[in-house]
């Protein structure tokens, strides 16, 4: 929809340029002569559009994250009535039954079903070096995995070079001789988040300054954990998760049983069929089955809420900017009443005067808006934390990247042209209505 | 209702013009009749408020009479719509003003070119006509100067060039020397005469400077909305 | 004072420009006021209080927090075991019961979030004063307070009673469909069935509506007697083949405690931390504001953006709009300013005249905008609906009135300083300039 709007706006500007008879250099030179006013007016546009671009980049990042998580070929199984993993409870017997269904793909190497049994938990971690006046703890998403290599295959997740999955036991002896540390694989986002806890000495010694690296440790649940690998996961919510052995972290956090069963089907259609079967026809166990990709895409509701709030704020700011450009154009016209009179005298029609002044306003808008888009684009790639939630609670703390793409630029350009057009219209109409006789008096 | 063409390029018939000021009606022109032959240099004089500018505006197609007819050439301009008048003015009238009314941000060349942009000519064509006009007024060496870089007399010459560049039927000048010193005024008036002779233009001059008027073929005085002829 | 007269005249000289500038100011001040109101409230909620603190006790490690109900009594006592240990002044247990009005079709409208609690904690008279453990119910109008106390009394009488929030009743009303909005209070006495969802699937409870939370507070919360809830869980095996409900041992979600001051809080918190009773699951105690801060932590970048990008951008844009308007105004008036100098006005007076014009416009528009925002949002819309967790409404604080005035005034000063200085520097000789 945005593309249609921006194409229309650009087409309108193009049409105006085509039918414009008052020489464009007349318009442009006036903007240069009154450069201070032009600059002040354009900068207002720059700010409004710049802020809009950054906010849209944020929403874009959130959208990409929720829409890029999960595979269409996977079916996510939760217990009946649970809409979120946090509230789900599956038992091993039921899961075994489901895994043995023929529609579930098998691993060609082992012949075992490509099914991952998982326990998803949100845990509290007291911040190690928290200043007294700030938050004292953070929420971490953890996923207890029964078999890491299998889980990696089902999720289609790879590790960054230099890392490895946790062992069968899931723990590792520590050089200081204390209790064994829990091995964990981190998503890139949470690795970045936890890096903030490093002491200055650790920071200085770190190989990867902006995120935790293989071999570093952190504390959760009164245990030390050690990083064995980092998941390639930016662009998905798994980037904000910590994966470790299920048999360890379940008891540690008081969760017996599993929350999630993830099944791989042959392709997207097969997944759809499997999901329908489990939902409607499967009588042995009552479950809530969904396509993995769709399950995460539903979480874009929060980004929709943000989008509405952003839209509202932008529109209001834009209105403020429109008043500014109206002032400028009314003043410009009152300065040039004689010019307008002469043009009418020479035979330029009313509408040609209108087009000329409308273009003047649009040029200011375009200059300011393009600069705003460019400035706002500096936010591309910046990481930010946020929350994604579905309908009934169960918020996930995610770390994502702001993304400025063509869509964001299109919205920025459309809005700036709209502002310029609306702000310039009333003054241009008043210029059009001037009577040549009175103008020259 | 075509009026007889008797060689007059401008024919004013029974024209009344009044304005409303609040609830009062001010009659500026009453039952005016006037013929201007082609090629004549006519001066219109009268005190301020006598209506000479009003008459000028009617003949130049800037305003319409309350009653009566105005013909210029074969066109009954008093019946034309505003859009038609706009198109007509470009081709038929050249204006010269007391305060020049040039666009400050455009060069001399660009100012003179302005009316030509409405005629759909090619760039080469336009260049030809603009250069001709500027040469005729003697400013071919200052075509890129802006009005701010020209003297009053030079600015008025640009104004004259603009007025003749479309080869109009009629040239209308409203106090063209009002803002100039004596020497420049003289130069401008001489230029107008030369142009009239070489291009055979009809010129309508509004002024209250008798020296400007004495170069005209004919002088008319407007007194209380009526025209009075004063022979030379 | 003469200068004030000149200022007013100048504002009136180009009413269109003055109005456009004023409107632009009002609109931008509106945005900043709204953003600052939200930030201000969040700051207040996360600021540590020194007196009359509330603490919140929850499961230590995971979310959602689920503790056995056997923890309720010891936690409410602050885990006080030895003489000299501090006990909280008051405590309130919350057991969540997410439910639906319609088991087949779960939508936002049919969803009811209710808590099982001790009814007295909702509100009671103690030593002649109204006491409550619920935030936001401390300062009710006498009428609302009386209604609440009556509802609590009814709840204590009828174990199967429930107090609902305004939005629930609107939704029930829509479903039943035979009562008009004004008759919502006639729903009191009606019976409904709530069907447990999520972890409470299978636990369906019947209720009689005994009261409504005052409008604007807890519109989305229901509250009922914890005895009823615990009994229902105890009796579940009898109707379900001897199996306990999955949540039978994990249904206490949180406990609020009230302590008189920070020192008392630290004592109680220490007692709870060290108590051996709470080991599976372990619990943690934090102040309510700290809990709120942790809850808001994921939104910290958004909050940073709103505080340091959005609001300042609006302020700068506002300065630009005013700077533009004033510099145009000064440019148009150069000849007159020259005349004023010829007549004897001093540079400083001219400077103040221009600054004054801009200040009056800016501060005036700013105040008007803030006042309008305050009135319309607080009274007409009954708060800004922006759901963040438990909060669903934000009110504009009275402070906003001076924020708006200050923003308008400062933006005006910053924006008009350069044009005012230019005006001050106009030379009297310019009065002879031919070209303005």
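Things worth noting here:
A, B and C are the chain letters, set down in written order, and residue numbers restart from 1 in every chain.
Rule of thumb we're sticking to: a residue touches a chain if its C-beta (ideal position, glycine included) is under 8 Å from a C-beta of that chain, and two chains touch if they have at least 3 such contacts.
From a predicted model like this one, the values you see are computed outputs, not experimental measurements.
Counting C-beta pairs in contact, the pair that comes out ahead of the other among A-C and A-B is A-C.
A comparison of C-alpha centroids places A closest to the centre of the full protein.
Of all chains, C has its CA centroid at the greatest distance from the CA centroid of chain B.
Averaging Cα coordinates per chain places chain B and chain C 72 Å apart.
Rounded to whole angstrom units, the spacing between the C-alpha centres of chain A and chain C is 26.
Centres computed as Cα averages put chain A at a distance of 66 Å from chain B.
Across the assembly, chain A contributes no residue that touches 2 or more other chains.
Every residue of chain A that touches chain B in the complex is listed here, in rising order: 21-23, 25-26, 29-30, 33, 338-339, 341-350, 436-437, 440.
Considering their complex, residues 16-17, 20-21, 23-25, 27-28, 30-31, 35, 46, 48, 59-64, 66, 98, 106, 108, 111, 197-199, 201, 246, 280-281, 284, 286, 290, 293-294, 296-302, 305, 309-310, 313-314, 316-318, 320-321, 323-325, 327-328, 332, 386-387 of chain C touch chain A.
Contact residues of chain A toward chain C in the complex are 36-37, 40-41, 43-44, 47-48, 50-51, 54-55, 58, 80-83, 86-87, 89, 121-124, 133-139, 220-221, 252-255, 305-306, 309, 313, 316-317, 319-324, 326-328, 330-331, 334-335, 384-387, 391-392, 395, 397-398. Every residue of chain B that touches chain A in the complex is listed here, in rising order: 57, 62-63, 82-83, 86-91, 95, 97, 101, 103-106, 110, 114-115, 117-118.
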